[in-house]
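Both complexes shown next keep subunit A, but they swap its partner, so subunit B is in the first and subunit C is in the second.
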Partner chain A sequence: MASEARAFVLLAAVVMGALVWNLFSGAFSIPLDAMVRVLGAALGVCDPAQEDRRFALVLLDVRLPRLCLACAVGATLGFSGAAMQGVLRNPLAEPGLLGTASGAALGAVAAIVLEGVLTRRHDFAPFVVPVAAFLGAVLSTAVVVAVALPSSATLLLTGIAINALAGSAIGLLISLANDEQLRSLTFWMIGSLAAANWSQCGIVVAIGAVVFRHALALDATTLGDDVAGHLGLDAVAVRGRVLAAVALAVGAGVAFVGMVGFVGLVAPHLVCLMMGARHRLVLPGSALLGAVLVLLADLAARTIAAPTELPLGILTGLLGGPFLLWLLIHVGVRGGVS
Partner chain B sequence: MGAIRFCLCTVMAVCALAIAPLARAEPSPMRIVSLSGSLTEIVAELGFADRLVGVDRSSLRPPELVRRLPKVGSPRSVSIESVLAVSPTMVIAYDDMQPTETLAKLGDLGVVVILVMRRSSVESAREKVLRVAEGLGVPEKGQALVAAIDRDLAWPSGKPKPDRRLRALFIQTMGNGPLMVAGGNTAAEALMAVAEVDNAVHGFEAYRPLNPEAAAAANPDVIIILRRALERVGGEEGLAAMPGLGEPPAICEHRIVIADDSAFIGLGPTTGASVRHLREAVYGR
Partner chain C sequence: MIRASGIVVRRGGRTLVDAADLEAPVGKLTVVVGPNGAGKSALLRVLSGDVSADAGEVTMLDRPLARWRREEIARRRAVLPQGCALNFSFRVRDVVRLGRLPFPPSAADRDIAACALEDVGLSGFADRLYPNLSGGEQRRVQFARVLAQVADAAAAGSGVLLLDEPTASLDPAHGLAALHRAKALAVAGLTVLAVVRDVNLAAPFADSFVGMRDGRVMFSGPPSTSLTPDNMRLVYGVEAR
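Moving on to the complex of A and B:
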């Protein structure tokens, strides 16, 4: 028990460290005293100073919402991966494998390529792609679950089929796209937090929090042990509810930041390797670790090549892959989440 | 035996039919396929619009013309069969076209291939026009078009140059990711320089995603943005709501120039007019 608590404190400390590191780095350098004044003014402690206007703009409208969205999306992907691995009893399950991510990508790409047909009015234009991505994620997961809910073995296979279908449809749409559309959808496919704002944070945090509570409650009944096995139909319903919740949460995250691969797969495994496969720990632990992964990857994305940006979805893999390999070599496999 | 002879005859007849358009190519009028948006515009501008029989998907102008023409491929993947299907006598393309074998094969089949170099300088707009005009056999029309472009490019005589050059951010794409902006060695930067405008961002080449904080640090006086990008982000209000574009002088003083894709990226016959438009929008002269 003490070691669990220690591990959690350690993870929370790492999240805080990553947050602070992110807060102090960026292409726009903000002196420490200005940062303290701006944050103080934002919290109502002191009056905003006129000369800090630009610092306040960068810190409050660019850097902080981006930090929050990185945390929220990372945590969502982390616990979604853990919940899926637990529910499906398959260590390879993750939002990507069940077609959630590829469905979102198909929705977004279709919206970008077919936008001339979809949007006659330009006022809606900024919302079309996120909404299409969200619908794509939810729909594709719904198809997978509806086809294969009775057995988790066919569930994965159905997910693979949907992935292949979505991948081909995306390829087809890409071949129809013009140069300008290609540039837009490339960015969507490799993920980016650059467009983060407070309303996006709010939506992802709100949906994520509801789903997280839901998943935690389920954890006690089904993930803990195999009791659910002889609950029969009920276990199927539970599985469907968790998958639906995960699709909602991942759909919301992916709708705003694009494809961020690997976090959902790797975060639960890292937590298991570090803390052992105790289910009560794996969900919150994966959420924390997912947040750390995305925070660090985004830190690299926005600072290494400044003033330009690197693609986030590629950096999460670059960061998570070697870490997983290192843990596998040094700690060894103590078993998956299932 | 008779059946075999029949088959052979059929095969030969089909072959003859297939080759027929190529064999007839010499005396019949010119049939042109253009494989790039700005090249299509040049062909149309030189008075050969009615000779175009096929274009690629990047050809958007003149709209009433390209709408009814068959599309033979995307800029980076041209299908040789689609090109041959419209039986061209001449194909006009960039030298970096993909797949590279396509143009060689077309040449082997007797199609005249006019290759144009792709470079990001204002000079290349002139070169392109001259090269295409020469290929079409109307060099004097090319000279006239270049002269028209040059008139627009030149700073109007008798008007003083600005005391302070303004700094512009050229935005190519935006939406759910970072701003895609023009760095060094781009057509956009070259056009800005002709209009006496400086690039607000430095330190990288080509079109790259710009960090929003770097956009705030650049604090541009002018924003030049492609029409489609501005529409996607929801107009001028949407632009001001983008992270990092809160309140630079460009937004506060409404110095937003809507750029034309083919002029600023493709460098075509409208490049001169676009530079004049930029100069007038920024400096009022």
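Moving on to the complex of A and C:
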């Protein structure tokens, strides 16, 4: 128990470190004393100073919302991966591989392009894209779960089929898009946190809370539907509720920041190594680690080629791909921990 | 008490269980024997609610099985399935604690889980990772999980324990220990029904035998009347003395 508590303290410390590091980094440098004054004023501790106004603008309206959205999206991807792996009894299940994310992207892209085609205008309502992404995520997840039985190899094959289908459909839509739409579309394909605002963070976090309520039930479903039934649970209902929540959370994440891969796969496996497979620990642990991964990826995205900003999805792929390979070579997937 | 009458299970054009009648009385260890493919497990899966029968009725603890709510029966009945593939790195302690899931969390859970592990001879294994255990050890951990689930029912002297091949992949000593435990729970007042392939292993413990072949119940009764050479030939097709 003590080692698990230590792992949590370590994770929380890393999150805090990444947050502070992110807060200080950027194209616009903010001195420490100005930052303290601005944050103090925002919390109502001291009065806002006139000369800090541009610092306050950058900090409170650009960097902080961006940080929060990075945390929220990273956490969502982390616990979504953990929940999907548990509920489908497959250590490779992940929103990206199972087509949830690409379904959401298809929804978002369709909303952008078809809205433009239908009305010849590009000022689509702010809710159309997130709702379309929700629908895409839910639909693709439903198809995967309906076609493939949990814990079977067909699960990943179905995910591959969905990803291919969504990819082709997105390609088709892109060929219909005009230049203006193309710029917006690129954003969905690779992911970015540049357009963050406060209300987006709340939505992503609220949906995630639903999944955490099912931590114990998720432990039981890893033993199989029958055993979960013997323990008094309706495994099918648990799976339905958890996957619906995951699809909604991932849909929201994709709608707000685009496709960000690998976090859902890497975070649960690493957390599992640190503190075992119990979902009561793995879900919050994966959320914390997912937040760290996206924070660090965003930091790299903003600073490596500053002032040019690299796409977030490219960074998570660069960080996550080699890490996953290392994990597979040295440790094996979530089951075969030695 | 378990009473099943006229149970029929058909799957893929084959009749797995054919009009089987079975009665397992309170406080007794009833052992279902028979060759591979006799329909023993299919019948047990009907009793555990995993499979719905195509015909027939099951009464469990004086109520039709269909009228029990899932979470309600989980507090009175535990099931050890034949196989249980768990490839997530849970610790042994956590797997056993899952047996307490049907009950509101209590301070006693820790002791109950520890007791259950001790009962299967794995008290030093609580912190080990389940996927790293041998097949026989994993089997015993699952048995401990089931023991943790029936702890309350055993204390109250009323409940049901269904065991599908509790001795499979165990060495003879641990196989005997598992059956000994099952018998002790029956003495404590549970209705215990176990599928066991090895008649000789079960003979010292069983209060009653049910012999199955080709989905049909061929004989049933206490060992003295059921374990006859005729019945053995009927079920297994071998000459026995």
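Rule of thumb we're sticking to: the second predicted complex is superposed on the first by the 265 of 338 C-alpha atoms of A that agree within 3 Å, B and C clash if a C-alpha of one lies under 4 Å from a C-alpha of the other, contacts with A are read in each partner's own complex, and residues count from 1 in each chain.
One rule holds in what follows: contacts are C-beta pairs under 8 Å (C-beta built on N, C-alpha and C of every residue); 3 or more make two chains touch, one makes a residue touch a chain.
Treat the numbers as computed from the prediction; the structure is a model and nothing was measured.
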item: A:Pro130 touches, of subunit B and subunit C: first, second, both or neither?; value: first
item: Subunit B versus subunit C as contact partner of A:Asn178, first or second or both or neither; value: first
item: Subunit B versus subunit C as contact partner of A:Gln50, first or second or both or neither; value: neither
item: Subunit B versus subunit C as contact partner of A:Arg302, first or second or both or neither; value: first
item: Per-residue contact with subunit A, leading partner among subunit C and subunit B; value: B
item: Partner chain(s) touched by A:Ser3 [first = subunit B, second = subunit C, both, neither]; value: neither
item: Partner chain(s) touched by A:Arg63 [first = subunit B, second = subunit C, both, neither]; value: first
item: Set intersection of subunit A contacts, subunit C complex versus subunit B complex; value: none
item: Of subunit C, residues touching subunit A in the complex; value: 45, 48-50, 70-75, 77-79, 81, 84-91, 94-95, 98-99, 101-102, 129, 131-132, 149
item: Touching residues on subunit B, where the partner in the complex is subunit A; value: 57-58, 60, 74-75, 77, 172-180, 183, 201-204, 207-214, 216-219, 226, 228-229, 231-235, 238, 241-244, 246-247, 261, 265
item: Sites on subunit A touched by subunit C in the complex; value: 86, 89, 91, 151, 216, 219-220, 222-224, 226-227, 229-234, 272, 276-278, 334-338
item: Parts of subunit A lying in touch with subunit B, wherever the complex brings them together; value: 26-28, 54, 57-58, 61-63, 65-66, 108, 112, 115, 122-123, 125-126, 129-130, 175-180, 183-184, 187-188, 192, 194-197, 256-258, 302, 305-309
